[in-house]
Amino acid sequence: MIRVGVALNAPWALRDKNNQWLGLDVDLVQQLAQDMRWKIELVPTTWATAIDDLRANRFDVLAAGLSVTPQRALLVKFSRPYGTYALGLVVNRKALGKDDLLTLETGSGKHSIAVLAGTVTAATAKEHLGNSDLIQINDESQAIQDLRAGKLDGFLAEQPLPTALAHSYPDQLQMLDVSTYGKTAHALAVRRGDQDLLDVINAWLIYQDAAGWIQQREQFWIHSPAWIELM
Amino acid sequence: MIRVGVALNAPWALRDKNNQWLGLDVDLVQQLAQDMRWKIELVPTTWATAIDDLRANRFDVLAAGLSVTPQRALLVKFSRPYGTYALGLVVNRKALGKDDLLTLETGSGKHSIAVLAGTVTAATAKEHLGNSDLIQINDESQAIQDLRAGKLDGFLAEQPLPTALAHSYPDQLQMLDVSTYGKTAHALAVRRGDQDLLDVINAWLIYQDAAGWIQQREQFWIHSPAWIELM
Amino acid sequence: MIRVGVALNAPWALRDKNNQWLGLDVDLVQQLAQDMRWKIELVPTTWATAIDDLRANRFDVLAAGLSVTPQRALLVKFSRPYGTYALGLVVNRKALGKDDLLTLETGSGKHSIAVLAGTVTAATAKEHLGNSDLIQINDESQAIQDLRAGKLDGFLAEQPLPTALAHSYPDQLQMLDVSTYGKTAHALAVRRGDQDLLDVINAWLIYQDAAGWIQQREQFWIHSPAWIELM
């Protein structure tokens, strides 16, 4: 039995309309469990509590599209990175009006930009968009509704979500270019004492990377927009 | 002194006509020993017993073209991967007749396909060619003779062996395309408690990879057919 | 507080005209300390004593453009490599006269070639240029003056220093092609017991590599000649 913590962060971990967990990280841990013939239990957590919950033994692996950072490495052990992802900023065409990225970065803060609370993206937003009004969210689906309705002006998140939204709702939404904000690397995480489990996870990542299976799941979740309709 | 377990798996570990061990993995551990000024002893093992023999302290490093898998990571510590290899299926032209890969994958099992016992390739064969008659072999040289004589219909093994055989005996043998079966990553392995030895091996792999030496040995063993005449 | 050992090895660690430490490795550890909100102390060491000083707890991290080798892995723990560097041989046009690389490699040793004492480059020089007179130096700035004045015939060092010198002083200096001598991989190093610190450093290297920041610093220190005037 392996207990896996999951936190909303589409398309790495999301809930479909039947409340089932889906996403790239969910695929990864389910295939890991199948290859190892382990039972698997998904344990919902939040970005605010995920690392504490892992350390408190509420689950054994955190699978949530977690970005590798040195601060987190004091608290958890990261697996090999399985992918690298850029940020995207999607904005409501009417709510932003004629303003642009420079306004968001240097303006007087009249625009509201949503970011997933507790993530590296939230820290990056504070660094680059600190003059905007940053709204810390926990529920991406609600934020997407608010963005489309103009209650939010923008949403900064890791790709491919921003591009998928702009693609799905071209009349309401558009992208701003934030490619200079850099990328982050995603990995799974275990407790710092769990080197044995980490060795199995790392060997599994090497095994499924060589087999081409991870690239195939990335093709579905990262490089195609099919999943956006599942949210 | 370092004791290295070797098991037949050409061209990573093979015996020449004088019964001397040769191959890419044999080159790797002999150069490692030379660079570290360690004496080296090669200890023959088999695929069926290799991991048990390593754990039972009959040798310190397993060097046999071993594929990284998460199940094995429960039992041994893998080094960094030094290469990634695809599978190939070489068949006897007459023995297979007009049948093709689809017949082998989905047919009623009249064809006999050899695989090295205890390897990841044997597991892949079971998954993809389960309707064929899978023959678990330990002696590649005997299997190659049987394949050429038509006593075996096919031989599934990691590249470059299948391509080298089809190239060497074009009148008798041909390749079938199994590129969809994916690749595996090869690494050296030590006992799970031997982190110090593993650190030296990993640093050595980084050192000789940067120096270009590993690529040079891969050029000889993997990308040229010269070694086939040594078997 | 993190104490970082630095040893002269331009452009990874060098002193400017005001005796301040600069270079790629100095940038790396200063940004690491800033990201972790650690104070940092730079502790000067030499190539002859750097690893002993690290092990004797005179500092916590060695940041000196250190090449990964398996012999050193017995004594320290290496981080992930952050870059791979080739060797270059820059010679004084007049001092070498009409002689060439072959003379240096196989001749009777009348030419003097400087190498940084205690480095992998010094070992490579012994292997390839053993018939020349190898001068073990500790002070690159002095060696550069001697090379330009013709007191030394050549200087073997990791790129980009040799190319930068030949570029800066084209009337006095020129390059000989030693591309066959291979490359080395550079990493930071900690004491063998400091796995927790190593995990933070490795996560930080993944983090800043994904962010593009390491490539940006490599662009400045490795792929542009601007720093040569700082020496």
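We just call them A, B and C in the order they show up, numbering each chain from 1.
Keep this in mind: contacts are C-beta pairs under 8 Å (C-beta built on N, C-alpha and C of every residue); 3 or more make two chains touch, one makes a residue touch a chain.
Keep in mind that what you see is a predicted model, and the values were worked out from it rather than measured.
Trainee: Would you mind naming the chains that touch chain B and likewise touch chain C?
Mentor: A
Trainee: What is the Cα-based rotation angle between copies chain A and chain C, on a 0 to 180° scale and rounded to a multiple of 5?
Mentor: Going from chain A to chain C via C-alpha fit gives 120 degrees.
Trainee: What is the distance in Å between the mean C-alpha positions of chain A and chain B?
Mentor: Roughly 39 Å separates the two chain centres.
Trainee: Of all residues in chain C, which are in touch with two or more distinct other chains?
Mentor: Not one residue in chain C touches at least two other chains.
Trainee: Spell out the residues on chain B that touch chain A in their complex, using ranges where they run on.
Mentor: By the definition above, chain B touches chain A via 67-74, 77-78, 81, 84, 182-185, 187, 192.
Trainee: What residues on chain B touch chain C, complex-wise?
Mentor: 32, 35-36, 196, 199-204, 206-207, 209-213
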